[in-house]
Structures are given as C-alpha cells and as structure tokens.
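Have a look at the structure below, then the notes.
Chain nomenclature is as follows: A, B, C, D and E, assigned in order of appearance, with residue numbering initiated at 1 for each chain independently.
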Amino acid sequence: MTDKTTDAGPRRLWFNAGLPALGVVLALALWWLVTIAFGIEPFWLPAPSDVVEAFLRLPGHLTEQAGMTLMTTAVGFAIGSIAGAAVAVLFAASSTIERMTMPLIAAINAVPKAALAPLLIVWIGLNTQAKIVMVVLLCFFPVLVSTMAGLTSVPNDLRELSHSLSASWWQTFVKVRITWALPQIFVGLKVASSLAIIGAVIAELTNPDRGLGAVIVSSSQSADTPLAFAALTLLALMGAALFYLVVAMERILVPWTRAISS
Amino acid sequence: MIKIAGLSRTFQGKSGTVDALHNIDLDVGNGEFLAVIGRSGCGKSTLLRIVAGLIPPSRGEVLVAGDPVTRPRRDVAMVFQRPALLPWRSVRENVMLPVEIFRWPRAKHRDHAQRLLEMTGLEGFADRLPHELSGGMQQRVSLCRALIQRPKVLLMDEPFSALDALTREELAVELQRIHIQLGTTVIFVTHSIQEAVLLADRVAVLSARPGRVRELVDIDIPRPRSFGHNAHLEEVAAASAELHQLLLGEHLPETPAAT
Amino acid sequence: GGGGDDDTGASPKETDKVAYITAFGAVGRDSFAWVAKEKGYFAEAGIEVDIKKGAGNAPNLTALKAGQVQFASLDFTGAVIQAGKGEFTDWRAIAAVHQQTLISVMTTKDTNISSVQDLAGKTMATGKGSVTELLFPAYAKLAGLDPKSVKIEGVQPTVLNGLMTSRQVDALGTFLLSRGALAAASKKEVVVLPYSDYLRDLFGNAIITTPALIEKDPDLVRRFNGALLKGLQYSIDHPDEAAAILNKAEPTYAVASGVGEITAMTPYVKPAGGAPIGAMDEQRVARTIAILQGSGLMPAGLDPKGVVDFSFVPKS
Amino acid sequence: MTDKTTDAGPRRLWFNAGLPALGVVLALALWWLVTIAFGIEPFWLPAPSDVVEAFLRLPGHLTEQAGMTLMTTAVGFAIGSIAGAAVAVLFAASSTIERMTMPLIAAINAVPKAALAPLLIVWIGLNTQAKIVMVVLLCFFPVLVSTMAGLTSVPNDLRELSHSLSASWWQTFVKVRITWALPQIFVGLKVASSLAIIGAVIAELTNPDRGLGAVIVSSSQSADTPLAFAALTLLALMGAALFYLVVAMERILVPWTRAISS
Amino acid sequence: MIKIAGLSRTFQGKSGTVDALHNIDLDVGNGEFLAVIGRSGCGKSTLLRIVAGLIPPSRGEVLVAGDPVTRPRRDVAMVFQRPALLPWRSVRENVMLPVEIFRWPRAKHRDHAQRLLEMTGLEGFADRLPHELSGGMQQRVSLCRALIQRPKVLLMDEPFSALDALTREELAVELQRIHIQLGTTVIFVTHSIQEAVLLADRVAVLSARPGRVRELVDIDIPRPRSFGHNAHLEEVAAASAELHQLLLGEHLPETPAAT
C-alpha cells in the first residue's frame, strides 16, 4: 500500500517512459498499417511518413509557428487558471455571490467559443490579446468547477480543527482548504491544459495571421492534408507535453495524496 | 471558569432525531480538573464540542470566563477524539499549526514543540508525515498540538485511548504537572475510571440517551497522585468502585445513584 | 454515396437519388436549388435531390471527392486554381451560375475610397487564402495600383463585416452579394468595386460534378443540370417567390435579404449576347487559366477540358 | 457543521432560486444599460429587447432547432461520459494500459476539435452521427481525467478494508471505489456538460444543416446579430440547465459527501 | 493455526527507515486466544496487518492453517484500529458488507446482523449513516462487521479502545462466548492489561522499536472469566502485575525480562 519496496529503478523507467513510448509506437504502426492496408490516399489520411515529410519541408517555419501557438497557450492557460481558481475562492468565501453568479457563468460557458471568436476580434482587435482571451475563456471553467469541488471537500475533522483554533477564514483557507483541494484543482488543470491549446487554435483559425492554426487554414486551402497533419501532430505533442507537465507539477506539489490514498 | 446551564442538544437526521444531551447544568471552577465519564454515545463529545463553541446548543447556554460561548476562543484548546492531523504536514509542523495560526513567533515556540515531542516520545518522528505513524503516535501528536497553545481551558476527548498503560501513566503525570503549574482548567473525557480517579478533582457521570448528569463525584485525594505510589490505595479503590457502580447503575432505570 | 446507382439508366420510372451541396449555406444566391426542388423540376427530371448546405470551395470539393454529394456549386475561379495546382482534379464544371466573378472590393462611403487607386496605403481584409486574396495582385495591377501598397489582413470570412464596421480595416475583399449585410451592419452607404471591372473573363459560381458520374450516367447529369438551371432561371425571374421558397427551407434567413441578393446577382447570371443561362465557352475558360497562370497562382499546363465538360454546358 | 437547524424553507428557496434569479436580472440590467449608455448598435451587441424580438420573430423554428441541438448534445454527452468513465475504469484496472495509452489520449485530446470537424464529415458523412461524434470527443476527456482522479483517491482505510475481505477487483470497484469517486466524477460531468453543447454547435457550424449552429451561420450571413444572440442565449440557457441538472443528480446520488465534508 | 517465523518488517520513509518488527517467532494454536500488548508504536498493528496478508513481511513468513499468507483469506477477519466504515452505507449495510462480498445469501444473514447490532447496543441506529454515530458506536459497527463473517481467525486491533468500561465488559463477555462456541482463533491487540488478562490464554508482550517478542505469558485462569466475579482475584492480580512489570521493564535496556 504505502510502501512499495519493489519499485526498482529500471522497472520504474520502463513504466514511466518505456510503456508510453511503446504505446506511441504501436499507435503509429497501426496508423501506418491502416493507410497501407486500405490504400488510403494522403488526402484523406496521410501516412506517418507523409506527415514527417511535410514537416521536413518546412521545419523552421513550423517550429516557429508552434512556438507562437505555445506562447498564446501558455499565457492564456496561466491567466485562465489563476482567474478560475480566484473566482472559486471568491465563491468559497461568499455563497451569496456564488448563488448569484454561478448560473450565469455556467450559461455563458456553454456559449460556443467558436461562435464568439469573431466577436472577440471585433471587440479586441486583430491581435494576440484576442487570442489569449479565447484561451482564457476556455481554461477558466474547468479550473473554477474543480477548485470549487476541492474547496468544499475538506473533511469535517480538519474543518473543526481549524475552527477550534479560531483560525480566520483566510488562514483556514491557506493552511487547510487550498492544500486539501490541490488534487482536485489538478483535475481541472489537466482538462484546461488541453482546452488551452484548442482555444489558441480556434483563435488562430479565426484570425489566421500566425501560429499552427494559420498553418492548418492555409494547408486546408491548398488541400495539403499532410501539412495540416504535421501541424495537428505538433499540437498533439504540445498537448501531451502540457498535460504531463501538469502531472509532474502535481507529483511535486501533492506527494502526500498518494500516501494516504490509492 | 466554565458555566453550563440548561444545556440540551438534539441532532436531526433522516431517520429521526437524537437527543444527545438533555438539560445539563455544570460549573467548572477556575483551575479545576473535571473528568467526564459515561457510556459510549451518551453525548460526551457533543458536550465538549458545544463548550468549545464548535456547534451551537439546541437550548441552554455555556459561559467561559463569564462570556457566552458563540464561537471558539483562542484560550480554549481541544484535543479531538480523532487525531485530525493535516496529512501534508510533518509531525513538527502539525504541532506548530496553532503557533502559526495565532501568529506567535515561530522561533520562540520551536523549543516548546521539541520538548512536547520529547515528552510524548515522538522526538525521532518530528519530520515524518502523519500516515507514517501508528494510531497512538498520531494521538500524541494531536495532544502536543493542544498543549503548545498553553490554553486557559483544555478540553480533552479521550486523549489517551490509543495509548498503552505505560505511556498513559507517563502522560497522565505530565498532564497533572501542566495542570498544576499553569492552573489550566481541564475537562477530560475518558472511558477509564482509573484515569478519572487519578486525574480529576471531580468526575461527572453522564447517563445515556439523552445524556444527563447522573452524578458529580468529588475525588478528595491529595495531589500529586500516581498509579505507582500506593499512598492512598483505599481512597482510590473506593472512588473507583463508586464510579463503577454509577455507570452500572444505568441498568436500573430511574434509580437515583447511591454509593 | 447513393447517387447514380442505377447501372442501366434505362428505366425512366425509377427516380435517381442524388445529393447536391450549395456554394455557401442557404442564402439568396443559392436559392435556385430549393426553387428547382419546390417547383418540381427535379421531380420532372426523375431525380430526388437532397440539398446540403455548403461551406466554401475546399469543403465542397472534399464532399464531392468523398462521394457524399454528386453535384456541387462553388466558386469556379478558386476551383480552377486548385485544379491547376493538382490539389483537386476530380471534378468538371457543367454550367456557370454567374457569368462574371462576384468578388470585389467593398468599403463604406466614409472611407473616401471610391476607386481601386484609393486603396494605396490602406488596409484591406479578405478571407485568408481566398480567391479574393489570391487575385488581388492581378486585379490591382490591371487597375494600375501597386499591390504591395495595400496591406492585406487574411481572416476567417465570418469576421469581415465586423472588421469593416468597427473600422479596424479600410476595405474588404469579399463577394459583392454581401453588400446588403455590410450595409445593414455598418448602417452606411456601401461602395462596391467589382473585380470584374478589370478581370472580365472570370466566371463566378459554377455547377460541378465528378468525371466518374459523367462517365457512368451522362443522362442523369444532363437531366440534373437542366432542372437546376431551370430553377435558376425561375429564381431571377421571380426573386420574391424564390426568396420565399428559400425562407421556407431556412426560416432564419429573411425574405428581404434573399430578394436583395437575387436581384443583385441577376445581371451576373444572364450571359451577354443572348446565350442561354449557364453557358461557358472554351475561349473564356482558357483566358481564365491564362490569367491565373500569369499571376503565378498555378503552374502552366491546365487544359480547359480538364475543368469543364463542355458537352453539358447549355449552348445557344 | 453537519447539522443545519437554520435551513428553513423560505430562506432555502431564496438561496436556491431567488439569488440566481437576482443574478440573472442584474446581468440583464447591466447588459441593457451598457447598450443604452454607450449607444451600442445591435450589430455589435444587441440589447436584450432586440434579442427577445428576434426570438419572437421565429419562436417555433428556434425552439425546434434548439431541440435538435439538445438532442445531439444529450446523446453525445451520454455516450462521451460513459465512454470516458469506462476508459477510466479500464485504466484503473490496468496501469500498463494506462501508461501506454494515456499520453496518446492526452495528445489526441489537444488536437483542436474545430480542425477535426471537416475530417469527421469526410470520415462519417454529412449527418447527425458526425455531430454526435464531435460531442463525444469533447465530453470524453474531462470525464476520463476526473474519474481517474476519483478512483485513485480512495483512502487507504477503505482500500485495506476491502482487501482484507478478499473482495475481487470488481467488487472493490463497485462497492467502494466508484461510490467514493462519484463526487469527483461529477466535476468532470459538470465541465463536460458545457463542452457537449459547444461540441454540438461546432459540428453544426461546420455542417449547418440544422440546429442552433445553423441559425448562427445563417444569421451571420445576413448580419442579423440579434438573431445570432437569440441562438446564443438559447444555448446559454441550455448550458445552465444541463449544468444544474448535473448538480441536481449529484445532490441525489451523493448526499453523503456534504455530510462528511464541507 | 497461525505460525509466525522469523518475521521482520521495515518501513522506508523519506526521513530514514523504521524497523517496525524484528525477528518475531510466534505460534498460535487452534482456538487459542492470544492477546498482544506493547507500547504505542511497537508494531502491533503492523503484525496484524502482516498476518492478515495486507502487507508483505520484509523477512520471514506467516502460515495460517498451514498455508503461507500472501494475501487476505476469507476465513480471517480483521477489526481495524480505525473503524473504516463506508460513509454512504447505513450501519446495517456496513455490517452486511462482508455478506455481500462473500456472496452469501443476504436474507439468511440479516437476522445475524440484527442480533449483532443488538448485542452491541446499536439496534436503534441500524439505518443511520456512520457520520451520525459517536466514535465508540463506529467502533462497535466495525466489530459487528468482523463478527458477521464467523471467521476461523479473528484479528482485532484495539477493538474496545473507544468504549466505556461497561460496554467493554459486556462485549468482552460476548467475545469470550463466541470464541468458545465457535472455536475461533483470536489475536487481540490491546492496551488494557486487564482486558488481556480477562480474555487471553496467552499474552505476547512486545518490546518497542524494533518490535520483538519480549515475553509470552500464560494466563491459567479457568473460563469463563469476568470482571465481576472475583473468583480468581489473586491469579488475576498476579498476572496483571507480571504484565505491568514486563511493560515497565523496557526502561532497563537489554535486561532480559524476569518475573
């Protein structure tokens, strides 16, 4: 349970790096096989080799565009997550505010962001800010919902403890509730990490001046599916990287959860 | 120091209400050590929770140092029945929690924390997380956390229940020392009649569902007391027998306790 | 799929089921398909048509290629470029909807832009990678303007009107039929500078199908084309009724907008010199290809017959 | 804490219905004020009255389209959530499978669904199935991540208990882990409820043959912003309704969490 | 029935390792009642966990009924130090959990559950959720849950620690009855020397860190025993004193225990 004596180095490496690599290799093989076995045209589904080739046609350009998308994503993710967590804190502080605004937020959140993208451009302009706002809009809600859930899941034991110490609301919050909520907040962050990338690309599809979204637009205009897939693959890599960055942060910040639960 | 008047408490549940406490009147003098005994489920923890200001009474009121209790006070410390440790804080940091919350200077209290850990035999475990401790060790940590507050009033809910006889005796001695030195008023819930006789000035025996004060027994044995020294063997035996009888007496409905 | 399954094609009693995709959504310029259906022209021709709403050239060509539709309407010029570059070659035009291209520069009166030359030093927004953007250099050169003097913002077409109205740009490169929408949005008088003023040989929308279907069931293609063009003719003759029919299919699209679009496009539908509706001639298509090649939009070597099957095009 | 004697009927009603209503009214008032105070034209931001008017132009049609969107949303949400939970269960059963496939899933999930929409149409067709698949794709991940988090958060006490009873993996799962995970699963479902609607509309924007997405497309074609806002408002209402449906389900299914935590 | 041979267990933590148990040899006969006492943190719970097959030993092995223990067995039931109740199940349903898991017919065991709840004084709380119970009541629920299994081997980790003296006595009597009637083999961890003397055939006294078997003390007092009847007062007193002395003896390092 709490003590894993068998977790030797090589076994662990295999588990944490070998298996994921194997999974990726298998998926690539399957993809390749499908394209060959069914003789699928690159236009419908390019083979991995076509995608690699497309990437190698413009490695510098693609990397640069990926970097731009990543910037937008990262900035928006940070702002959106902090905002989501902050509003959750506000709601935790005042259930009156929560009751008044949560239905509105749930409603607004259901408005398709893709439909809002043109409005954002009109309101904010043809610039990076509009793109970041899009990312923020997408990241906000999952972090809000998960933080709220986490903050209200503190066991009564611990609540009574901090209450009995006459801890102020803020002290209870900082010393008990936030830490207790962390595992759940990370659920929201994991979901938001993927949505952040999606938000960045939606914004780039609407105003395709830069980023991998722009690459997708121009490649779809020229029916260059392999290039579009190269961009999508870069986005996927980015998504996995961001996700596992969040997972790594979780391991560092909340090691104790794995000790008290399984 | 503590005045409990006409205190009742009921709990509403889906399957009916429970009368946990009914019309409790109790005065605890300044510096007095009151033990509370009673059958499991008779409302001892509920009583402590109300005195601590953690839950409101359904009727009646509680005064601590003359002020009605509406919420927890910083000069009242509580040892919970369950350890309630923060799982992400080391033993030392758990003990230091009240210091942080009271915004006391950490440096000044670090030594105190260390002494308390030594007193409870936990000095080797200061840097471990709670889940690495045994049940009794966790209970001792929560005891240290209450003692570091040097409270005027100490509310203790079966603080020694998970401890072996020896540790229990050692800590009972320490607790007496603290009680005498600092003049702390203590309400001490226990299931051990021996412990009650050893530690208390008075013992409140509660009857069960609804919890009422069945009897208040004075323990007139000179302090310091200990299990070891058999100076007052007879008084101890007599008091123990009386308490035992009172607890047993519950079987006979409505019979006033007679020693 | 499902279209032209009938191998023999002999039995006239059997109705053929086909799917057709409009150039873009359900708007006035595409109303004729619903008119042809509502008026029973397709039924007369023994065809049951499922009308789908298109989303532009690439999606429509994709749908055609995937066999999800058998016929499509789309911007001919853009499609030719895509064929010339070898991106989509499996299609043939069988009739022209608009004899002239509808793409144009559009702005509002208050910008004081009244001719192409006034665009120098201004910013213009167009659909990213759209024909409007691709042809702008050719258009500008013919109009005597250095294309480099205009800053082009490529965006998603849906944001164009908003950008113009909020004056984040000075002009738009768009279809002239969206004039009404821009006027409604900006509440200002709209100035239109059609590309066709200088690029006279470009067609607007065309109706296309696949070479495979032409091969397999030319009769079906002919019947479909005839019925659809009949609908087109009826639409421009009776814009109010056509707009009403469209409104039945798409209640959110106002009748007035439909009437406006149909009337606006009428002059572009009727061929010059009395040729029948839908006509395309090989010389003009060749000149189109030449213009596109000359502007460096596609490599040389595309034959007009590679994009139009003239045997189906209505002739005078 | 666990016993709220003050939760009288009228107070509760005010809390659960009055405050949200107040919030909505305030938001509407603000919206109206902004449009009037700044003299904003309906094309940019129609006043609530314009939106209501637009709705009343075509109440039947809009309701019908909303119904279609709701159908797609509901079916996709159900399938996506069940699939997400099922995969989480699979991952809980085999950490080998988890290690092999989770990185792939995280990667694929970061691929913008808007960019996939055209591909879905190609692969599946211009039909409702393609739309449902889009909803499923969006709902899947939040439910997966939150269910995984929930299933691995069972306290060691309870794990040891079921272990000591020699409960089979499945029994432990059904009798302990799933129930324990429910509060966290609901976090995923809440996030997914909004994403489901977004997914349905993205699909409808790509193939605008029906639904509120199609209304948005056609209204943008005729610059009829009030109508677009009417559709967006319906979507928002739908989102809030779906969200609170999930909240209500949570209250019914996991009443015990509020008793042991706060 | 239970054979423990050369058993050691260490825990690896971030701040060093703990030797919880060191080279334990112990045989528990069929139907024997073995009490285990020792200071808090000496490894009693760890020993039970290893015998129950919940955690593997670091060295040595445990045989139950001749088979090496590698995982939990259905004929071995465990009462944990903490109640470990499912918060969403009513008291009755918590007690019925093993019946469900063993796929025994529910109907046949419902009565048994009801009898156990009556025996532990919980009949009025069968439909309540665990959080509505007091600490001692929760402990009794977890006791019922173990007893409903009618196990061959019963491992009990301080099962009466949160109970008052009276309830404790009543349940001790019941436990003896069950032990004699069903011939259950019991390992019973307790901090109460009195309880050990009352219940056990033999008492294992563990020394602390690392936990070793300091001494095995036979309690040769005829059964049934009880606190009330003072039939064998002298033997009880002698055994208690011996155990007390053994526990105390730890203070003198490396001194072999001598009675």
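Keep this in mind: a contact is a pair of C-beta atoms (placed from the backbone, for glycine too) under 8 Å apart; a residue touches a chain by one contact, two chains touch by 3 or more.
Nothing here was measured: the structure is a model prediction, and the numbers come from that model.
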Where chain A and chain C overlap in contact partners, by chain label | D
Name the two chains that are joined by the greatest number of C-beta pairs in contact.
-> A-D
Geometric centre distance via CA averages, chain B-chain A, whole Å = 49
Go ahead and note the Å separation of the Cα centroids belonging to chain C and chain D.
-> 39
Centre-of-Cα separation between chain E and chain C, whole angstrom = 85
In chain A, the residues touching two or more other chains are 1-2, 44, 118, 122, 156, 160, 205, 220, 260
When you check chain B against every other chain, which residues touch at least two of them?
-> 11, 54, 82, 129, 131-132
Where chain C touches two or more other chains simultaneously, the residues are 58, 66, 158, 162, 165-166
What does chain A use to touch chain D in their complex?
-> 1-2, 15-16, 19-20, 22-24, 26-27, 44, 95-96, 99-104, 106-115, 118, 122-123, 141-142, 145-146, 149, 152-156, 159-160, 183-184, 186-188, 190-191, 193-194, 197-198, 201-202, 205, 213, 216, 220, 228, 232, 235-240, 242-244, 257, 260-262
Note which residues of chain A are touching chain B in the complex, please.
-> 2, 157-158, 160-167, 171, 175-176, 179, 254, 256, 259-260
Using the touch definition up top, name the residues of chain C that touch chain A in the complex.
-> 58, 61, 65-66, 82, 85, 87-88, 128-130, 153-156, 158-159, 162-163, 165-166, 168
Residue numbers on chain E that touch chain B, as the complex places them = 11, 13, 15, 18, 37-41, 44-45, 81-82, 121, 127-129, 132-137, 139-140, 158, 161-168, 191-193, 244, 247-248, 250
Quick one: which bits of chain E touch chain D in the complex? Just the residue numbers, please.
-> 49, 52-54, 71-74, 76-78, 80, 82, 84, 86-88, 97-98, 100-102, 129, 131, 149
